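Consider the two complexes below, in which chain A is the common component and chain B and chain C are the respective partners.
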Partner chain A sequence: MSLDTLPRAARNNHRRARPPGHRWRSRFDVKAMPYALVSPYFLLFAAFGLFPLAFTLYYSLYDYDLAGTVEWTGLGNYTALLGDEDFWNAVVNTVGMFILATVPQMILALLLANALNKRLKLRLAIRMSVLLPLVTSVVAVAVVFTQLYARDWGLVNWVLSGLGVDKTNWRAERIPSWIAIATMVDWRWTGYNAIIFLAGMQTIPRDLYEAAAIDGASRRRQFWQITLPMLRPTMIFVVLNSTIGGLTLFSEPTTFYNGNVDGGSQGQFQTVAMFIVKQGFREFDYGYAAAAAWLLFLLILIGAAINFLFVRRIGGTR
Partner chain B sequence: MMISKRRGGLAAASALAAAALAVASCSSGGGTATGSSSAPASSAAAEPVTIRVQTFGGGTNFGYKNAITKWNAEHKDIQIKEEHLTDQFEQQYWPQMIQWLQAGNGAGDVVGIDEGGMGLAKAHPEWWADLKEFGLESRKADFPAWKWENGVTADGKLFGLGTDIGGMSLCYRADLFKKAGLPTERDKVSALWPTWDEFMNVAKTFQSKVKDTKFTDGTNTLYQVVLYQEAAKNGNVTYFDKDNNLIVDKNPAVKAGFDFATKMSQQGLTAKLRNFTDEWAAGTQKGAFATVGCPSWMLGVVSGNAGDGGKGKWDVASVPGGGGNWGGSWLAVPKQSKHPKEAAMVADYLTNAQTEASIFADFGNMPSNTKAQQDPAVQGAKNEFFNDAPIGEIFAKSASSLQPVFLGVKHAQVKNAIESVIQGMDDGSVPYDKAWQQLVDDAVKAAG
Partner chain C sequence: MNNFSPTLATRLMLALAVLLSAFPLYWMLVIASRTNADAVSVPPPFLPGGNLGDNIVAVLNNEDAKFLLGLTNSFIVSSIVTVSVVIISTLAGFAFANLSFKGRNLLLVLVLLTMAVPLQQMGVVPLYRLMVSLEWTGTLKAVILPYLLNGFGVFLMTQYTRQAVPMELVEAARVDGAATLRIWWNVVLPAVRPGMAVLGINTFMLMWNDFMWPLIVLTPDNPTVQIAITSLNARFSTNYTLIFAGTALSIIPLIAVFVAFGRQIVGGLMEGAVKA
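Entry: the complex of A and B
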């Protein structure tokens, strides 16, 4: 726009001032290069993100038998899903396990981060060790926990029976199975979230605390009035991340039932992700599974929105 | 200019793809590299071919360990590599296999198919290589007619060769029987339970004497045994009739199996373990139960799960209520195999009379090959693990009288749904009085 206001002669002079090849190259550098540099991500996203997304949406409108016929059904899969008890069972399980896992996880991670934020000996080593559970493979974690929670020879039942509590069948009862899986999730992810919280805490200016200390605010008060409010952006990130992870929970509950996506004999801990795999690849009802995947997407959006609104209020000055 | 540029890009891409393929084939054939170097110079020109044999099942599963070692020593140019994928057929192996077959990539050169998958396999001739092309039509005389015909699709394509067959027995722990004051010798044990009612009485006696061990593994194994026995009396069908209509609520065989499982569970005679899970395998090893329903192939599963510690403790008795045909598998060659000819040779070898007879002797999987069944070595076979039980006598006699059981296209899904209800009844998540209705409902849903 501004160039157009220049006299034509001036513009021509300006053009002649540079050799033609150079002009072309610099234009390329400025205009095309950034796109070329960011393109690998977008190409990969198109191939492994966008295409499956569109493909799934397309086939969610079909009655697509993975080992047979393909027939148009429109929104039939969606209406069938909304009336499918098993789907709602999976939704309840997923949300239940998400809440059971996430609430203690957030609190623990915050406390842990707060502790790590102090002056400690071997600070780096301790901070790194918090990340160790994350490095272990989820299957290894699940195998160990599966044995801990075994009905007959499990450590947890052994300890409980020592305390006079009856043997719990962790795979057969709904709430115990949720607890078992929630502990698996927490073991793996609490440290990870703590490290992110810690990073957030370190961006909070020291002088805020110093000023508060001079004003006579206790450690606890500083935590509530400074750390938490200042940490809100980090918290929003962590909570959204956990929402996505928690609502797509798959590996832990699957391994907990011997690699079976039924999630217990009566779907006691079948999550929506397991339901999708079961419909798509056990019952070969691919269209139905695709529709369920889109409903899961919606569920995550709703969950993320609720959590966002919730976290925004945390630590707010009333 | 444009075109040549694009061609260049294509060429580069295909070169890359070729390189990737070369790397992939090198890594998959890695096991045979040493084999080729020691091969005679005359055959050095031909690349050694690796035939991947994919199997499922617990314990020693198909029992191919020794047979493959033998073949690999004799055939430097064709090497067999067994890939045991998982213990569970319906829930893991078969769904995975269907994906590979549909995608046209991933399946082995020879794949095992349980009877429960044969309905679907037959319905998809496009997945399979026609073994007639490799001259295997000549094997027809080796198998009972039903075993052979189940490996032929409606349009006459021969795709599967029979491996083992069912037959029934009961495996029991002699040491635990002794603890309960019951007879331990197999003939006397067999005499304890001519009928399932008497079996139940023995179970109750056992349970009253022994507290920390349950009489049987869970509801599912014995449910299957009764189901297949009763199926033989009810037109040889289980969940589907021969037109593929769901008949779960109409077939008395299903109800009989269900009722028996319910009774066992209500009386507290089961260890509440679901068969083919890790906990079940651990239970076998740790002696959590004293009996388990044993079709012939289950002998290998039990001995494999129990390990050396169970040797001599286990024994085999006859099953109450007569024969039945639970289980048995086929070997097929997927069309996607790059070496169908060699794969057909391997399938031929693994199902020939000699191999099937030696598998029976080593692991207990009853041959479907009739020549193997008549082999004196099979007739007189004893199983060391099971206290030298005369398994030839126990299984081979009934082998020729076994009836084929028809299983529908969606058998695997319905079976899984029904087993989940029966297991749920045992673990307390399905009330006994609602279990039957739920079984029917879930079966309808799974067949849907």
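Entry: the complex of A and C
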């Protein structure tokens, strides 16, 4: 680079003027200091990231029981999990709530982002308002929604009965409980995802739209043919993020049952993350919980792969 | 018609989105400021009442709830973690963005990979066992330690530093005889302050909100604020005004941060998303 020439000349002058001891020190500084700067991260990661990951694998191969005896079981925990109805129940619940929450959330976030991308007055105020849910605490929100979904005096049932729908016991039945929890998730994350989509939309050159408009493309057509395909990288980011978040869901369903990880009287909304905590810290079967954690990771990988392939097709030329 | 001028439908949709975003928080205020009889009446009350002060005092004075302790604990935990994450991330971000060393790209890829693993769920069993053997369960140390680092923070600060601190600036400082740490302090930190603010706010909110790990590793007699709400909820499950007053108290720090830094939060999010 041409900018370099002047400083380099100046640096050489300086070097000549410095005492000899200084030279060794600055050499050390240039060579070793970068490693010193990144080492706090990697040391802590080794202790609180790598170590737990490795040990989760190790624990998953042992059988712990309440009395404290420990026995090698090999893949026994994994085969037991695959035959465990409660585990499959948690998997179905997690995937069910994930789909129920994510599909409307992505559509709404896209529509909202498209709306936010117009020339608006009060632009910052509107953006901040839709982001407000993210800034409030998850547990607080879940507490409020739980009250809104109360059977006898909850606002949701009151509004629905005004529309002629019978009272629903949101916490007792499976699909209603999923819907209730999905709305908590959506309320919190739709605005956030809309803001991320908006950021992606603003990198799309405006003259593309102008050219399309001259060619007579309708707004709807512009959205499908320009916005969506150009947004694909952002969408991959958002969808992968939501997949990890959705499949590790814990706070909302736990709060929906007064902080209990059973997920309702029949486990109708117990998620895999709750199952892990229950097995590990209520039943004290560390090996079983650790094996479940690895299966959860596998579930996330599968979910991420499916979503990745799905998003790649959106707006693609088929 | 221009594609960028909003239609009526767009305006209505935005108005609805703003209303829905605010409603549960408004509802929190309505119930927190009422009596318990109001909270369970049909039709539900739609306007705030006059009991907010009384209800808040009742929560804070409740011996079982330990709410004040929960607030203090959350404040301690979130502050320490925020300071640590910001320092570690700005140091590493500077090294990755402005210094050259062997293995730099490999190490950066490693940081990115760690972001993709849900460590909280994956590592929970060994971390708990570690805390048990150190006899740290029930203490704030157990909550704080696993969170002192954050891969996302390193990634964010690397991106931010790359854009905010030109190599020429670092070179020039070196020519003037400044050692690496001095450059970090005098040249880099002032330039990346906005990035630090975004990361700091993010980290603080994340920690304030953390629920699963404190639920496992703490006991209700030394809670964070989220655990305090949960035990309020479990113990007084019919006393909505008490629970809602506590819930409202628990989000005041977050709302305060949002009011003060809302513009930066929106801006930082949008910038981060485009670069990711």
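Here are a few things to note about the model shown:
Just so it is clear, the second predicted complex is superposed on the first by the 273 of 318 C-alpha atoms of A that agree within 3 Å, B and C clash if a C-alpha of one lies under 4 Å from a C-alpha of the other, contacts with A are read in each partner's own complex, and residues count from 1 in each chain.
Just so we're on the same page, contacts are C-beta pairs under 8 Å (C-beta built on N, C-alpha and C of every residue); 3 or more make two chains touch, one makes a residue touch a chain.
In this text the structure is predicted, and so the values were computed from the model without any measurement.
Of the two partner chains, neither chain B nor chain C is touched by A:M201. When the two complexes are overlaid on their common chain A, residue A:P34 makes contact with chain C while staying clear of chain B.
Within the superposed three-chain arrangement, the count of touched residues of chain A is higher for C, of the candidates chain B and chain C. By the touch criterion defined above, A:F281 reaches both chain B and chain C.
In the superposition on chain A, A:A180 makes contact with neither chain B nor chain C. In the superposed model, A:L148 lies in contact with chain C only, and not with chain B.
Of the two partner chains, neither chain B nor chain C is touched by A:V239. In the superposition on chain A, contact of A:G264 is made with chain B only, not with chain C.
When the shared chain is aligned, no partner comes close enough to touch A:L249: not chain B, not chain C.
Residue contacts after overlaying the shared chain place A:A67 against chain B, while chain C stays out of touching range. Touching of chain A by both chain B and chain C, each in its own complex, is seen for residues 150, 152-153, 258-260, 281.
Across the complex, chain A meets chain C through its residues 3-4, 7, 10-11, 14, 18, 25-26, 29-31, 33-35, 37-38, 40-42, 44-45, 48-49, 51-53, 55-56, 58-59, 111-112, 115-120, 124, 126-133, 135-141, 143-145, 147-148, 150, 152-155, 158, 187, 191-192, 195-196, 198-200, 202-203, 206, 209-210, 213, 219, 222, 234, 237, 244, 248, 250-251, 254-255, 258-260, 273, 276-277, 280-281, 286, 289-290, 293-294, 296-297, 300. Partner chain B is touched in their complex by these residues of chain A: 66-67, 86, 146, 150-153, 169, 171-174, 258-262, 264-266, 268, 281-284. If you check the complex, the residues on chain B that touch chain A are 86, 88, 91-92, 95-96, 98-99, 102, 120, 124, 272, 274, 277-279, 282-283, 286, 288, 413, 416, 420-421, 423-424, 427-430, 445-446.
Considering their complex, residues 3-6, 10, 13-14, 17-18, 20-22, 24-25, 27-28, 31, 39-44, 87-89, 91-92, 94-96, 99-101, 104, 107, 110-111, 114, 116-130, 145-146, 148-149, 151, 154, 168, 171-172, 174-177, 179-181, 184, 205, 208-209, 211-212, 215-216, 225-226, 229-231, 233-234, 237, 240, 243-244, 247-248, 250-251, 254-255, 257-258, 262-263, 265-266, 269-271, 273-274, 276 of chain C touch chain A.
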